[in-house]
Every structure is written in structure tokens, then in C-alpha cells.
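Inspection log for the structure reproduced underneath, given as C-alpha cells.
A, B, C and D are the chain letters, set down in written order, and residue numbers restart from 1 in every chain.
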Amino acid sequence: MKVAVVTFPGSNCDYDLYKAVQQVGAEVEFVWHRERGLQRFEAVMLPGGFSYGDYLRAGAIARMSPVMEDVVAFAAAGGPVLGICNGFQILCEAGLLPGALMRNDVLRFRSHDVLLRVERDDTLFTGDYEKGQILRIPIAHGEGNFEADEETLRALEGDGRVVFRYVDANGEATEASNPNGSWHNIAGITNEAGNVLGMMPHPERAMEALLGSTDGVGLFTSLVASLSTTAGGSA
Amino acid sequence: MSQADATVTASPVPPRDGDPAITPEVVADHGLSPEEYERVRTVMGRDPTFTELGVFSAMWSEHCGYKNSKRLLRLLPTKAPWVIQGPGENAGVIDVGDGYALAFKIESHNHPSAVEPYQGAATGVGGILRDIFTMGARPVAVLDSLRFGDLDSGRVRYLFSGVVSGVGDYGNCVGIPNIGGEVVFDRGYEGNPIVNAMCLGLMKHEDLITAVASGDGAPLMAVGARTGRDGIHGATFASEELSEDADESSRPQVQVGDPFTEKLLLEASLELIASGAISGIQDMGAAGITSSASEMAGRGGSGVEIEMSAVPVREAGMTPYEILLSESQERMLVVAEPGQEDEVRRILEKWELEAAVIGRVTDDGKFRVLENGRVVADIPALPLTEGCPTYEREGVESEEIRALREADLGEHLIPEGDLTRSFLLLLGSPNVASKQWIYHQYDTTVRSSTAVRPGGDAGVIRIRGTNRAVAATTDCNGRLVYLEPKTGAMAAVAEAARNLVCVGAVPTAITNNLNFGNPLKAHIYHQLREAVLGMRDACEAFETPVTGGNVSLFNETDGRAIYPTPVIGMVGIIEDVSRITSNSFREAGDDILLLGANTGELGGSEYLYVTAGLVAGQPPSIDLEGERALQQAVLQMNHERLLASAHDCSQGGLASTLAECALGNGEALLGVRAEIDEELRPVVSLFGESHGRVVISCDPNNTAEVLRIARLHEVPARRIGSVTPASEGFSLTVRGGVVSAPVDRLARAFFDAIPSIMDASPTTGP
Amino acid sequence: MSQYRIEVRVKPRPGLLDPQGKAIHHSLNSLGWEGVHDVRVGKAIYIDLDAADEAAALEAAGVMCRKLLANPVTEDFEVTMVGALEGAGS
Amino acid sequence: MSQYRIEVRVKPRPGLLDPQGKAIHHSLNSLGWEGVHDVRVGKAIYIDLDAADEAAALEAAGVMCRKLLANPVTEDFEVTMVGALEGAGS
């Protein structure tokens, strides 16, 4: 499997993501935002960071990059696309995912581990987890407050497109366990087709016990597994 | 220097239209004394022009010229086999093994932060990052050392929250994890906060590059952001006292940081260095183009010629004076290899940045500036960079401070019995309480290499592809330095070293930031000198040479100086990441041991500040040999994998240290049952801040071996109790006194202290 | 071609939570302005641009808003003319 | 007492670097708007408040700016009246 990690001016989790993909045995390559053509890849990932300094709105300027046209086409063709943190913000700005990530309700940057409940174990990205499993994964963002209009929110819940939710140690989605004010403690969602996942927490930083958690590994192994079962099938 | 004085002289330069005439007032406004101005005239062999005067005033300011500290700094030990680059470059560099080198340095941004806390702190971080990546190293960690007045003032809360978000936003955006730091709140810093930022960068040995301009004719290029009118004369400003009535207009324009551009500049610079297209690179930091160009020329023993009209500017109509002294951020000066200008431009363009040829390296030893081909400044480079007059002054201890130190603390020693209330007060003091409110605003895990995040004794960054890690900490208790400068400075070095050994790192080298008041005052000079001597002794004893640092003097408001605060930034090496040790207790049932002994002083303690508002008394004495032995003992215990945890005992004393071990980061609370029988007053046993102590925990099966190793190193050691489940509470009994409380009560005091102050009360704007 | 300065105001949509506005509201109340009932925070963006005339300048700014400056999910925008700039040219 | 809506615009001081404006400027240029010469970004703040009359409302908003809304070291501000609000209360 070959994965593209798309980098924008100001991306800063690109290398971490690259290493995470490598760690699960997949091939990976950086694609600079001005480059065109993603046909040779089987999955596309948008890393975290501060593309264009998060100026104007997080992700707003990056989504205008030439490569985004190809990301849109790649997603439309059913190819798996993962956006983490700033990547999630870019996907929302580009309309590949619904809603918007607004400023954290506490008005401060939040950086610490959170607990996430896995809501779906039947997506391309979560097959190696179990539904209800609790993951420990770091967050680091100032604009992670997920909001959308009523209708969209109802659809997200109704269609089961919420993949990860912030919870406490008992697995409850409480206000105290919500780091940024996201509606319904949403931490990660997919598009309707299920091939685009956006999440604020950083699984690529939870790949080694030495650094505090290995709970992010499953996300990457899941993707590799789902792609190898459909080998040759996608995009 | 004198050689250069004699051989290179300034050519005549006609005055530039529109420039003010040079009067004694103009000279004084530039921060030069009449004697210093005479020295300028001697160096020049004539009167300087206005532009030249500006250049001298920046280069001979305290900030760039180290007038009042240079002679003292020469006393510091700087050599060891593992030192690759000592003081004098943008950053110090040491060998860390497996082919890697570590560049590290600390910088202050006190004055800018007092005026505009957010931008001041942000640009402080920006500056220190550039110092690291201009050495060819990739920045891998930031630490911040902060001091403010007491949090009961709205203005202080404004400064504190502004500085923290400035430090955070900048580092977060560039993507460098924060791994630690410190913060102290004390009325001694009211009005004059301290903001020191430290950065660590890693590189392969062969990637080291230095800031030297050599090669006659080599093009000089300005890269990165454009030059604007910001921060003109920041270097001179940083060398003056603040006064309350300094009105807006007399303040230099605030520098605004652009971390996004910095990130691009960082990537572009590392790519430039790797490309071989350049031979030198330097940050345009304090005093902007002036200092970067003249220092590169000075180090290379060559000269430079710069054309002002070629410098990309942000605003029209800037004079040479303004362009030369602008402190606009996120700019670099690069010496390209001749013929490689286009390659430099290509790399910068990829990162969406500008590069412009603004001059060339010459061989005539001059710092020459042209405006549309006409010379506007012509100065011998070496005297400009090295010829700044330096002073050695008479230092005398202040009688007032001596009296404070010798004050009788008798009445404060009386309390005994149940001292839980004082203990809770202490745990809830912002100085002792959890600093999560701060570092939860900092990205601590970006780069996926942070093995120990803020909250431990020292931050730890692993080196990918090896089994190694580097650890770093910043430390200084200014109250102790205030009461007794020499021991206080030794204590700062000792605490830093203890913090490192607690995580399992071998202390290797230091950088330091001397934050002091006005050195022209005899008692301040005394503090400065004594502190440097103390630092020297401790660094010699621990074999941790000084590879660089920064001096920030004139930290005074309305004539009142801050506590002398020589912040120590120490780095250490961990050869095997599997030996990294945490400071929080791991498991109920483990034994708790105390290494080291209480020397019995209560002077300068947080207990006195919290209970009596007092900064007085004899501070704890320090035994450098004992400290060294303690470090060796802890390292050996670590090496033999005997330790479950290790935590240095410092502010708040033994009781607070045990509480910190039990509370950890708040996620897995544990309890403590401990008892210690010392022939001391109970407040001293519980809350005294003696140096040379470490609390460790270990599997009871390892206790005998731990005690044996301690004996081997002649370090006092005893088992003082056990880790218990949180439900069994916290208790520490001493002779004649006790503190005991439910663990969640301690947790509330400890974790809620800073958030409840910051969330409840509004800040008051500038 | 003349140069014009346009002011764009981007505001959070009514009904959407505006934490920053709420925080300022709270501070103003606690600083003693009890008569403050609501605060909303948006952006004011000033754009200097060449255009054939005022109408063309406003038109262009509107397109910029739809494409980039405002997020249609969360924000509304307004565009107004500040005026023509003298002696223009980059 | 009536209720008024005031608009406050807080702008970066001239001469100060405005990184956000710079990034937007750059982006607009590369999206094809080459005639954009400068972009500056500030805040637009809408305050609904009780006051005796328009003048008093504007006056109060000016004080709020000096005390809280604008940072005098880095920002300038302007205050304008949007209008009286109907059926106020709350």
C-alpha cells in the first residue's frame, strides 16, 4: 500500500504521520501542496499543523492549494482520505466533511491526552478497534470545537458517522471530558460514503509506549488491513 | 582588537541629508557615555555620522556588547571534551553520542514582554529558535522560564496570561514541543516580568555551520521577512531601566511575531545549509542587520558592504538608520557561495519566501553601508564588534539585604502539632501548585519524540534512530540568590543537575540567563559578580561547562530591581531510553526513601512567603561535593534499575515534594504514609527547602540495595514510609508535628490553584 | 484603474455559539457595564485593490468573501466601500 | 434607557506587521486577484447595550475599547452606531 502525506506550508505533524505509516509497514511519500496527481496512491493523509499559520481560519487558505482539487477527486472516487487536526480542518473547509471547527470554547489552546470512545469499528479506519473501546490519544489544538447546522448534526448521529467521541475514564461523554466544546463531544467523523475521516486527536503521536500510548497504532493497521482486503479495488 | 584599531580606519563620510546633527544630547539618547563616545571617535579617527552613531549605540549596548558582564563571564568554565562549540556563537553545541550533536541556548525577552506580553514572549521564542537552526540543528524542544509579580494583581494576570499564550502560540505553530520550564510569582518581579526561553536542537555532527562571513566577494543575502520599522533600537532599549512614566511614544515599536513565516524560514534554512549553497547564516536578531552583518564580518576577520536600497522593506521611505537598526522578526542574513545566488533564491521560493542580494563580503575589514551607491557608514568592523568598552565595577553588598538575611526567624519556627492548614496553603500557592494551566496551552507532543512532558523534573526528548535521549531543565530560585547571591547561584546549578539525574540523565552542560538589575549600582554588581562566581564553582564541581547564555541587565522599575535571577538551563544525556524515570509514585506498596539531609534553614522558603509574606532569613547552605555524590548515587540506582520514581526536593520542602509524587498528573492518585525523625523544628522538617535531597520510591525488595548504593557514595539515606492507595490518605509525621489530609483534598488545592485564580478574576489590560 | 479600500466584516452567524463574544460580554459585565446585553465578535478585513470603479471593487470583494474570507457554514459577511486611495500604485 | 447596537472595529496599528493580513494578501494574489495591494485584519465587535441616548452609548463603547477591547500598544479602534434595537429587554 502506498500512502500520500500531503504537506502545506506550515504543516508540522507531517513527519510524525510519515513515521506512523512507515511503522505499520506501508509505503509513504510526501506530496507538496503545489504538486498535482495522487493517482499512484491508495490512501491520502492530511497532517496536523498550522497550514498558513491558521491565519483567517484554520485550514481556509490551505484548502485553496492546487493539490486539494486532486484530494477532492481522490475522495470522490472512493479513495480513503484521513485528516488529522489541521487536516480535519482543511477537509471541512474543502467541503469533504460537513461542519466547521471553531475556536475551543475555553478560548485557549488545549494540549494533553484525552480519552476517546470508538463509536464504529466497521469503518476503513477502525476495523482493528472494538466498538466501545477507549483510546488514550493526545490532542493539541486551538480550534477543535465541532459545529454544524441542526440538520447536519442530526444526520451525522442518525447515520452513525461519528467515529470518535471524547469521554471520561468510565466511557461517558461528559462535559468535563469535552476539551473544546464540540457538539455531542464529537472528536472524529466520516463523510457519507465513509471513505473520508477527520479527527482532532493525534493518533500518530500515540504509536510507542515510550511516548505514553500505543493506542493510535490501530488506526493505521486498520487502514492497511482494509486496503489489502480490497487490494487493487480502490481509486 | 587593538591591532585592528591600528590597521583599519574609517574613510570620511559626508553627512546624509536630513539626518540630525550629533549633539551631546543625541549621544546620550543613544545610551553612550561621553567616554564611550570619545572611544568611538578614536576608533573612527573622526566624528561618526548619525547612521554610524546608531550602529555603535546598538553594538556597544549592554545587550550586544556585554559591557558590564564580559569580564565576569570570562571566569566561567567553558571547556570539556564533549563541548563542540562554546560561548561566542549563536548557540553552544555538545556531543551527545551516536554521531549526534545538541545545540542549545537560552534568551531573555523581559523588556518587550513588559510592554506587550503576548508579542514580547512570542518573539522571544522566535529568536531563540533562530539561534538554534542557524547552527544547522533542527529545533526539537523549547523550555520557558518565567517570573511575575503576585497573581492578586489584574495587571500581573494580564502579563502572565499574555506571556503564556505568546510562548504557546509561537512554539505550537512552528511545531516545537515545550518540555518544561518554571514560573515564579513574587512581588519582587512586579512590573518587571522575566521571560526566558530556551531551545534545544539536534543535528548530525557534520551539519554544524557557524556564522562567519569569509570569502572576498561572496554575496550577502537577506532572506525571510521584509524589514519594517519595528523595534528600532530594541537592543538599546533592552539595556535601560523601565520607568512607569515612559509613555507610549517613547517606546520603540512593538515587534510582531509571525510563527508561520518562522516555520518556513526554519525549513528553508536547514535546506540551504544542507544544499552547500551558503557558507554562513545568522539571525537578524537584536540590532538587526547591523549586528548580524558586523558580527559575521568580525568573526571572519573580513569586512562587509551593504546597499540599503537592495534590502526588501515593508514600508516606503525608510532611512539607512532605520533599516540598519530595525528588529523586524523572522529575517536571516546569509553568505552565499559565489554563483549560488539563484540556488538560494530557488530554495527560498519553494518555501514561499523572499531572498535578495544586499551586499557582499569584502577583505578590507570595514562595515560599510551604501545608500544608492553613496557611502553612509564606514566603520572598522572588528572594533565595532569587539571594541566595546568593558567595565569591572566595585560591588558592595546591600546593608538592607544583609539585614534581611540575618533577620531572626524565631517566631516563625514556633508552630507545631497539626500543620495541615499551612500545608494546604503551601500546596495551593501558585509557586508550588500544578502548572498544568500553563503547559496545557503548549503543544508538548508534536514531533512525536517527547518521552517526559512538562510536569516531570526535567523534560526528555528521545533521539529517533538511536537508543538515546536528551533531557533539559531550567532552574533558579531568585529569593535565595537575593539573600545570598553566591550560594543561591550554586543552588540553581545544583537543582538543575538534581532534576536531570531524577529522570535518569547525566548532567552535561549549561546555558544561562543572567537577569539582574542595574549593574551601575554597587549592590547589584555585587549580586552579579557573586552569582557568576557561584555558578562557576558549581559548574566546575559538576563538570557541566557553560556553552553560552544571555545577559539581561537593568531589570528595574522605578529604581527597584528584580531579585537577581541567574536562570540555569541544563542539558543531560540518557544513553538508554528504557531507563527514563518518572517523578510520580508508581505503585501502592512501594517504599519511600529520602536521600540527603535537611540542613535546618528556613530562610527564603515558600513557607515564609505564604504564611508571613516574608523573603528573609539564612537560605539553605550548599555542599557541592555532597551534591555531586547525590547525583552519582541516583544515577547508579537508575542504572541498576532499582527506582520506581525519583523527585527532587525543592520549593515547598519535603511535604510538598511527597504530595507531588502522590498526585502525579492527577490521573492516578496515590497516598502516602511517612514519618521522619529529625532534630529540627517541625516547620523546618516539613517545609524547609534544604538542597541536596531527593525522594525516591522503589520496590521494597530493592530497598536494601538502594541503601547500599547510598552508603557507597556517602549519601545520607533512609526509608521514610510507603506509597499507599489514595483511599488511605496522605500523612507525614515529623518530630512534634504532622500534616495529614485526604488525597483528593490535596489534589484540589494543588490542581485548582492557578485555574481558579485565572478563571475567576478578569485581567486588566495594558 | 483606480485603487480602492474595501472593508469586509465577517460575523458569526446568529444562533451559533460565539465563545469569544461571550467571554467579552462576561468581562464587560464584571467590569461594571451591567447594561451590556450581548457581544458578538467577528473580523474586520481591509482590502486595498485596483478596480475599474467602485462597483467593480465591491463586486470583487464579494467574490473574495464567498471563496475565501468567510466560511458559509458559520459566518455571514458585509462589504462596504471605504473610499478611493490617492496616489495609488503598489 | 434604550438599547443600542454599537459596532467597534479594532485594527492593527499602521506600521506594525500584520501576519494574518499578509497571508491573506498572498493567498488572494495567488488565487488570481493580482490587483490586491494590501490586506489588514482586525476585529469587528458588536455590542448591544442600554444607554440614555446614542451619544452615551458611543461614549461607553469608547471607554470599553480603551479598557478592554483594544490593546493600545498594538491596536487602534473606531466606534460607530449601528442603531437602536427594537423591543429590547433581556
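Some points to look at:
Here is the rule we go by: a residue touches a chain if its C-beta (ideal position, glycine included) is under 8 Å from a C-beta of that chain, and two chains touch if they have at least 3 such contacts.
From a predicted model like this one, the values you see are computed outputs, not experimental measurements.
Chain pair with the larger contact count among B-D and A-D is B-D, by C-beta pairs in contact. The most distant chain from chain B is C, comparing centres defined as mean Cα coordinates. A separation of 41 Å divides the Cα centre of chain B from that of chain C.
Annotation: 36 Å between the Cα-based centres of chain A and chain B. Residue positions 27, 31, 67-69 of chain C are each in touch with at least two other chains. In chain A, 52-53, 55-56, 61, 64 are the positions where the chain touches two or more neighbouring chains simultaneously. Shown for chain B are the residues that touch two or more other chains, namely 258, 260-261, 352. Across the complex, chain A is touched by residues 165, 168-169, 172-175, 258-261, 263-264, 351-352, 436, 439-451, 453, 462, 464, 577, 580 of chain B. Residues 1, 3, 7, 9-11, 21, 24, 27-28, 31, 33, 35-51, 60, 64, 67-69, 88, 90 of chain D are the ones that touch chain C when the two sit in their complex. If you check the complex, the residues on chain D that touch chain B are 12, 15-19, 22-23, 26, 67-68, 71-74. Chain A meets chain D in the complex at residues 52-53, 55-56, 61, 64. On chain A, the positions that touch chain C within their shared complex are 56-57, 60-61, 64, 92-93, 98-100, 102-107, 145, 147-149, 181.
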